[in-house]
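Multiple structures are listed underneath, in C-alpha cells.
One chain, subunit A, links the two complexes that follow: it is found with subunit B in the first and with subunit C in the second.
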Partner chain A sequence: MTTLDSLNMLAGGLFLLTAFGIVAARQARSSLGLFIAQSLLLAASALLLGLRYNSSHLYGVAVVNVVAKVILIPWILRRTLHQEIYTRREIDQVLNIPTSLLIALTLAIVAYFLTVPLQRAIEAQFRGPNIAIGFAVILLGTYTLAVRREAVPLLIALLAMENGAFFAGISLARTLPLLVELAIATDGLIVVFIAGVLIRAVHKHIGTTEVGALTRLRELTPDVQEEGSVRN
Partner chain B sequence: MIARAGFNLVQVLVVLLCAPLITGVLNRLKEIVQSKRGPGFLQPYRDLWKLFHKDEIVSEESSWIFRATPYLSFVAPIFVTLLIPVLTAYPLSFAFMADMVGGGFVLALAGFFKTLAAVDTANPYGPMGASRTRMVGFLAEPVFIIVFFTVSFIADSTIPFIVQKRWMSPPSNFVQPSHVLLMVAFVMLILAEAGRLPVDNPSGHFELAMIDESKSLEYSGKGAALMKWAGHMKLFVLMCIFLNVLVTPWGLADRIALGEVLLAIPLVLFKIFLFVLVLVVIESSLAKLRLFRITEFLGSAFITSVAAMIMRVFSL
Partner chain C sequence: MPLIAAALSGLPWPRLGLAATLASSLGTLALTVHVALRVVSQGAVVAIPRWIAVDGLSGVVLLLIAFVSATSALFSWGYLAANAHETASMRIYYANYNLFIFSMLAIPMFREPTLVWIIVELTTVCSALLVSFDNTHEALEAAWKYVVLSLMGAAIALLGFLVLFASMQAGGGGAYTWDGLAAAAPKMPPILLQTAFVLILVGLGTKVGLVPMHTWLPDAHSQAPSPVCALLSGVETTAVLYVILRLFPVLQAAPGSHAETWAIVFGLLSVGVAAFLLLQVRDYKRMFAFSTVEHMGIILLAAGLGSSSAVRYSALYQALTHTLTKSFCFFAAGVALLAVGTREIASVRGLIRTSPVAGVSLLFGGLAIAGAPPFAVFLSEFSIFRAGLAEGRYLVIALLVLFIGIGFFGILFHVNRMVFGSSERPSRGRVRLPASCLAALGITGLLVLAFGVYMPEPLHKLLALGATTLAR
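After this line comes the complex of A and B, so read on.
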C-alpha cells in the first residue's frame, strides 16, 4: 500500500468520524462545522485519488466541492438561518446520544457487509475503502434524518448523505465529466437555498423549527401563531 | 544482560524523579494561560517533601486495605515502567513479563485498591468519589479493550516494544487511518484515566464535585505523599505509553550504550513537554463535563476506537 492510499484511507476514516459527529452533535452550529470538515475531507480524498490515478476530473471534483460545500452552502445557511444556527440551545433527539452512537456503529458495520459483495463484483482497480465508507455515511445520514427533530440538523444530515454518495462515487467514476459535477453542486445549492427559505418561513409563522413539535396540521390563523409562541 | 538491568533502573529512576516535574510544569503552564499567580513548577517536589515530614494519622476503624493502598498504588506505575519503552527502543530485561493488557491490569489493580480504601474509612466523600471513579472506569474499560484489540490487530502484537517498531518501518504505516484514530481515542482515554479536565477537575477543591481526588482525602503524611507521587507517576507512564508507542516512536535509544540512554532522557522529556502543551490547551479551553455527560465523552472515545478497527477491516 502506498502512502497516497494510506492518506486517502486516513481522509476516509476522518470522514466517517465526522458522520458520527453529526449523529452526536448537540448544537446546530457544531453540526454545521462538522459538515464543513466533512466536505473538506471529501475534497481531500478526491485530490488524493486524483494524484493517485492521474485524473484531472477528480481535481475538478475537489475544487467544485470546496467552492460549493465549504464556502457557498454554509454562507447561504448563515444568511438565511442565522438565528437558528447561532442560538446556543441543545437540539433534540429521539434517542439519547450514547444509544444513538451505538446504533450508528452497528449501521457502519452493516455498511461494510453490504459492500463486500459489491467490492467482489467490480473490477479490481475500482476497489477501495471509499465505497464502504461512502455507504456507511449514507446510512448514518439516513439514521440522523430519522432521529433528529429539528429542521437545520435534518438539512445537514441530508447534505451529509449526499457527501457519502459522492465519497463512494469518486472512486468509481474517475472520469466523471465536470458538467455533471457542476450540475450536482448547483442542485445541492438550490436545495439548501429552498430549504433555508422554507425553514425561515416556518420559523416566522410558527415560532419554532422543532419538527417534533409540529404534530398538528392546521391552517395559519393568528391564534395558531400565538399557540406556537406559547409552546416555544 | 547487566547493562539492560541497569537501564531498567535508569528508566525507573527517570519515572520516579521526573513525574512530579511534569505535573508541576503542567500546572504552571495552566496558571500562566489562565493569568493566575500560583506556585512555581517545582511545587510538587516541595509538597512531597513537606508531606513526608509530617505525621500520619490512620483511622482506628480502617482495615489493612487502607494502610496497604498507598504502597500498592505507588508500586503499580513502577511495575508498568518495567514493561514499556520509556527510554530505549529495544526490550529490556522484564519487557516480556506482560504485554499492554497486563500493564493495564496492574494500573487497574491500583485503582481498585484506591476505591476500596476510599470506602474503607467511611468518610462520606470517599465512597461518593469511589463510585464515580468506578462509573468512569467501567465506561473507559470497553475503550481500553477495543484500543488494545485494534493495536494487536494492526501491529500483530500487544508487546509495546514490537508495536512501537511497527509504526516506524514503512512511513505509510504511520499515516494509517486506524493508527491516527487510535491516537485520538487514546488521548480521550488518558484524559479520563488520569482525571484531567473534561472528565474531572484535578485542581478542584470542592468535595462534592470531585471524582478522582476525593479518594485520597483521608490520607495524611507519608500515605498522602505516596498517593500524590503515584498520581504523578501514573500520568507520566500513560504519557510515555502514548508518546513512545503510538504518536512519536522516534528519539529513543537504539543501541545498548549508556550514553544513548542518557541522551534519550531530555528527548523524551521534550516530547512529553510538547504533549503537556496540548493538554494545557485542552484543559484551559474545555469546561468540566456534567457527570452524566461523561458517558457521551467516553462513548465518542469508544466510537473512535471502533472506527479505527472498522477502518482496518475496510482496508483489507
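After this line comes the complex of A and C, so read on.
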C-alpha cells in the first residue's frame, strides 16, 4: 500500500463524513458548505488516483469537478436562492438527528457488504475504497431525500448522490471519455439552474419552500372529498 | 438535428415561436419518416460511427417521438390560445417545448450509454418548467416531485452506467456503445452486469413510472398542460423505457443474469397496482396517467418474456399503439377540460350533451386505451397474450389478463359516467373548441382507428427489424 493509496483512503473517509454531515446539517448554509467540501474531496480523490495510476484523464475529471461543483454550482445557488440559503433558520427533518445518523450508519454498512461481490469481480487495479463509499453516499443521499422537507437541502442531497456515483466512477470507470465528463458537468449546471427557477416559483406562488408540506396531490385526501361534495 | 435551429427560433416573438415550432416539428417528422424508410431498406443509418446512428429499435422510437411532437404542437396552438396566456409565458413555453423535443429525439439516436443518460436527465429538466407551466399550487408541487424523483433515479442510473462501463472493461473492453456492449457481453462478469442492470432499471424505471417508483407520475402527467401530458405520457416514458430495453440483448448474451425475471416482476407489479388505482381515481387526467403506468408495465413484461421474436415484436407493437392512443386520450382530456373546466370525474356528467365533440372523443379514447376490440391496443395486447401462451408462461399471462381486465372496467366505468351520466346541474353552455385542437385530435384518432385494421408494410418491417435488435 503506497502513500497515495492511504491518502486516497483518507479522502474517501472524509467524503463519507461529509455525506453524514449533509444528513445531519441544521442549516441550509452548512449543508451547502458540506457539499462544497465533498466536491473538493471528490476532486482530491480523482487527483490521487490519477497520480497513482498515472492517468491524465483523471486530472481532467478533477479539474472539471472543481470548476463545476466547487465554483459554478454554489455560485448559481447563491445567485438564485440567496434568501433561502442565508436566512438563519432551523431546517428540520422527519426524524430527530441522532436517529437519522444511526440509520445512516446502518445504510453505510449495508453499502459496504453490497459491494463486496462487486469488488471480487473486477480487476485489482479498479478495486479500492471508492466503490463502497460511492454506494454508501448514494444510499445516504436517498435517505436524506426521504427525511428532509426543505427545497434547498433536498437539492443538495441530490447533488451529493451524483457525487457519490462519481466517487465510485473514478475508480470503476477510469477511462470514460472526457467529453462525457464535461457533458455531465454541464448537465449538472442546467439541473441546478432549473431547480433554482422552480424553487423560486414555488416560493413566489405558494409562499414557502418547505416542499414537504406540499401534499395536495393525493389519491384520497379529505379536503378533496370536501371540495367535491361542495361542488356537487 | 434541425431542431437546434428550431429551438433557437422559439425564443424571440410569440407568433414566430408558434410558427417555428409547427414548422420544425413537421420538418422533423418528414425527416424521421425518411430516416425510418432508409432504416427499413438498409437495416441501419449511421450518421457518425460510434456516436450517432439509428437502427430498427431506435427508428420506431424516433418515429413515435416525431409524430406526437408534431400533433402536440398543433394541439398547443389552439389549447394555449383558448387559455389566454400572456406572451412572455408563451415564449417560455415554446422554447422549452422545442428543447424538450430535441432532447427526446436525441435519446434513440445516441449510441454511447452515458451520453444517453445525460440526455435522459436533460429531458427531465427541459420538461420540468412545462409541467409547472400553469403555476398553480398543484402544478408546482407536481413539477417539484417530478424533478426530485427523476433526478434521484438519474443518480442511481448513473452509478449503473458506470458499473456497466466497469463490467465492459472487465470483459475485455471495446467501444462503449450499445453494439459494443452486446458484443462484449458474453465475457463480462455476470454479477457486475446484473448490478448494473438493477441499478439502471430502478433509476430509469423511476422516470418510466414503474410501480414502486411511480408516485410522481400521475401528478406530473395530470397537472401539465394537455399537449405536454401527451408528450410526457405518450413518448417520454416510451423513450426512457427504450433505454432499458436496449440492455436486454446485452443481458441475454451473458449467462446467469436474471434480467427477464426482474422485468416480469416489475412489469406485473406495475400493471397490477395501476389496475387497482384505476378503479378509484377522481381526476380523469390522472386516470390516463395511471393507464400509462399500466402500459409501461405491459411493455416491460412483454420484453421480459421475449425469447421468441413474436413476443418482442408485440412488445414494440404495444409501444407503438400505446403512444398513439395515449396521445389521443390526452388530447381528448384537454378538449374536455376546455369544455367543462374541471378535472374531476365526479363533476363531469353528460358530456355527450354539453359538448358532443369532447364527449365522443373521450369515449373513443377511453375505449381505445382500455383495449376494446376494434382498436389497435386490443390487437397489440392480444398478440402479447398469444405469444406469451405460445411460450407456456401461463401464470404470468393469466395475471396479466386479470389485471388488464380490471383496468379495462375501471376506465370504462369512469368514462361511461362522464359521457352518458345524467347531470342535474345546469351546463356551462357550449364552448367553441379551437380548430387546431380538433385537427390534432382528428389526425391521431384516424391513425388509432386505422392501425386497428391495417398495418402499413414499411412500418411492419421497421417493427420486425426493431424486434431483431432487441435480441441477439
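In this text, the second predicted complex is superposed on the first by the 216 of 232 C-alpha atoms of A that agree within 3 Å, B and C clash if a C-alpha of one lies under 4 Å from a C-alpha of the other, contacts with A are read in each partner's own complex, and residues count from 1 in each chain.
Operating definition for what follows: contacts are C-beta pairs under 8 Å (C-beta built on N, C-alpha and C of every residue); 3 or more make two chains touch, one makes a residue touch a chain.
Computed from a predicted model, the values in this text were never measured in an experiment.
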Residue contacts with subunit A in the superposition, subunit B compared against subunit C: C
Touched partner set for A:G12, first subunit B, second subunit C, both or neither: first
Which of subunit B and subunit C A:V180 touches, first, second, both or neither: second
Subunit B versus subunit C as contact partner of A:A165, first or second or both or neither: second
Partner chain(s) touched by A:P117 [first = subunit B, second = subunit C, both, neither]: second
Doubly contacted subunit A residues - partners subunit C and subunit B: none
Footprint of subunit A on subunit B - complex, ascending: 171-173, 175-178, 180-181, 295-296, 299-300, 302-304, 306-308, 310-311, 313-315
Of subunit A, residues touching subunit B in the complex: 1-3, 5-7, 9-10, 12-14, 16-17, 20, 24, 97-98, 101-102, 104-105, 108-109, 112, 129, 132-133, 136
For the subunit C and subunit A complex, residues of the former touching the latter: 112, 114-115, 118, 121-122, 125, 128-129, 132, 135-138, 140-145, 147-148, 151-152, 154-156, 158-159, 162-163, 165-167, 169-170, 176, 189, 191-192, 195, 218-219, 223, 277, 280-282, 342, 344, 346-347
Residues on subunit A engaged by subunit C in the complex (per definition of touch): 117-118, 120-123, 126, 134-135, 138, 141-142, 145, 151, 154, 158, 161-162, 164-166, 168-169, 172-173, 175-177, 180, 183-184, 187, 190-191, 194-195, 197-198, 201-202, 205-206, 211, 214-217, 219-220, 224, 228, 231-232
